[in-house]
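Following this line, the structures themselves.
In what comes next, chain A is part of two complexes: it sits with chain B in the first one and with chain C in the second one.
Coming up: the complex of A and B.
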């Protein structure tokens, strides 16, 4: 019952949508009815078009994001523990961080063409910086006392990194990865709009160009839903990794 | 589980580590990188189409600046990004406060906002093209749409989590409910509201550039995608430098505004 009350506004939102289209207050060309969108979606799934595009897009996002998380955590940890490394990497991070990463779309187009690699590389670059910065900030904030105790107990540098710094920085790292997850979806869709031969963004673009608006709305809503589900799943995963941390 | 509970809003978008003792070394690293870029293209190690010499890119930037094209494109991009961002703030901050302060708004908007927040908003660009065409209105509305959610989330969380002791003290001292908002709640929530704005601004910049690339017309995004389609790699690199400088300018600007507004706050002492 509580759940019903809580999500009632979402039902109201869709109800208003339905009323507006059924009564013709808004042209059906501009806003297709929900049942039309749903049947268009069923059609896209049945023809396999949707699943193929989703597979192409999500593997790209996963490849770019995965590489960014692994490399970003390593770079961030090294920046926090090694001053020479910090001096070498910090200027590059400072220059690239405020740049809107979508500006790199024409560049990856020139470098890698229309295939998978251009999108994977763009997603990788876009997701790398939030992971580096959050890891660095988290690892830098580890208390000196913890580090001193660990080394006085005979822990080696590598052991300190793995057993003390990494767990202590974990909350920041997990938050950075969540930002990166959001970026990966943004960059995936926008790069596929501009440069692609397949994928969800490309599918949305072709459906829109062909004037098949119900199907276009269906894919857009599906992408939004996948993005939402990915964020929720990640949040649950992050919470389970942090169960040892006291709630403050 | 409420997704709007504390801790759900992403942490402050800090612009990374600051220059410290190694300032000289770090400037040296950058200069060395630029020298390496120039040398590798001059010596033929990198294909000049894939990586045009830095000097060519700078010459192009200079020529475009003399001709005024740079300023028209940068100005339009900045105008769209900032207008969208400010409209989103003007709508999002009051809504976030209302959601935290009144039961009805909280009940109605909380699920909608928490569902809308993690969605990749760029996916909706074709819908906005369908509704509002491809000109400024459409681009700005798209920026508003993508900046709106992080601002509402942060404002709602910040206003809701205001400490009860200052509120009680103010009431005990006879502060009227209407003044409580301006005198106590807003100042105490302002760090989190500003954090929300700092998350929204880069998102707004990304969205502006993408909508310009998709809808065409003038603006840095449109100019860059045209350069890319004509295989003008010097133009692409010039665009990247322009947009990087613009991004740095607005993000640094918002950091300065935060430092100025929160001069009374403990965080300013760091």
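Coming up: the complex of A and C.
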């Protein structure tokens, strides 16, 4: 019941969509009806085009995001524990963070060409910074007394890093990874839009160029759905890792 | 005084301030604490009592002077000196049992052995049944019991306590004081107990160092001579009441000058 109430606005949104298209308030050319979009989606799935594109895109996103999470956590932890490393990395991270990574698309194309690596690199770059910053903030915020307790119980410097700082920073790290997950979808679609021969972003672009708006809308809505599902799944995973936190 | 527990020899300590000026937290402090003595460091906030405790713990480096324990000159934290903090400092992602097991595993004990020993200490601090609770599921008093179990389980020679009951309500606080004293009687250790509560210091300690503020130093050393047994009878005794009054008068001077920012 709670779930119904929570997502009722989404149903209202689609209802309004349906009303404005059926009544002709908005041209069907600009905004196709939902049933037309749905049948276009069925067609895309039947031809295998959709699943192939989704597979291509999601493997790129997963590769870029996965690499960003692993490297981002390591960099963030070392920034929090090593002054020289912090001095070296921090200003670069801070300058690059607010820059839209999509601005690098032309450059990345020159460096990596049209293959998978250009997209994976771009997604990696975009996801890396939120993971670094959240890990660093989380690791910096670990209470002094927690570190002192561990060292007086006989933990070495490395053990403190792995057994105290990392788990203590986990809530922040998980939040940063969630931001990175959203970034990965944005960069996946936008990079495929510009430099790709396949993938969901490419599919949206070609369908739009070809004037097949129902199919284009179908892919856009599918991307939104996949992104939403990924975020919900991730949130459930994160909550299961943080079961020790106070229930609120 | 036979065997020594801790020797503080000419220790000074200053913190670097933001503007470059440094604050002297501790000046030329000397103190000898006997082995298995229950010693309280008493004074107003900012008198450097916690600084002295952290120096003994090896958490902050000794700048001038030296601190000796039977294990040698203090240069870093070590399991021979256990510490209990005011805000418990439990690992929030570990259960009570896992918290207590942590230090035992660092001593190289096997998992079953560590867990058995941990359960013994959890029982000793009256937390049996809460082994699998996370700290967030426990009250403040229970969290501090768990923290005490974690520290005692590794059997340190020296127990450092930084206002351990300061965050607890008055009733819990009294119960914890009595229990701490009886735990200490059953397995004696050198205890350094930091507090700003005169009654707590008198009730618990064998000797009390009264510290002055800015620069922090030990102004008075008082022996409580209240005997081994500490209970309601002690609190009602003439000696206890007089001692509290006398010590309060000494602390009061320091507190007034500290709050006026006098040097």
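Definition applied: the second predicted complex is superposed on the first by the 237 of 248 C-alpha atoms of A that agree within 3 Å, B and C clash if a C-alpha of one lies under 4 Å from a C-alpha of the other, contacts with A are read in each partner's own complex, and residues count from 1 in each chain.
Heads up, the rule we're going with is that a residue touches a chain if its C-beta (ideal position, glycine included) is under 8 Å from a C-beta of that chain, and two chains touch if they have at least 3 such contacts.
All values derive from a computational prediction rather than experimental measurement.
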When chain B and chain C are modelled together on chain A, clash or fit: fit
Touched partner set for A:143, first chain B, second chain C, both or neither: second
Larger contact residue set on chain A - chain B or chain C: B
Lowest C-alpha to C-alpha distance for chain C against chain B (Å): 11
For the chain B and chain A complex, residues of the former touching the latter: 3, 8, 10-11, 14-17, 19, 22, 25-27, 29-30, 33, 49-50, 107-112, 115, 118-127, 129-131, 202-203, 205-210, 213-214, 220-221, 224-225, 227-228, 231, 233, 236-237, 239-240, 243-244, 247-248, 250-252
In the complex with chain C, residue positions of chain A that touch it: 143, 145-146, 148-155, 159, 163-164, 167-168, 170, 244-246
List of chain A residues in touch with chain B within their complex: 5-7, 9-10, 12-13, 30, 79, 83, 86-88, 90-107, 109-111, 129, 133-134, 136-137, 140, 172, 175, 178-179, 182, 185-186, 188-190, 193-194, 200-201, 204-205, 208, 213, 216-217, 220, 223-225, 227-228, 230-232, 235
Complex contacts: residues of chain C adjacent to chain A: 54, 57-59, 76-79, 81-83, 85, 87, 89, 91-94, 102-103, 106-107, 134, 136, 150-151, 154
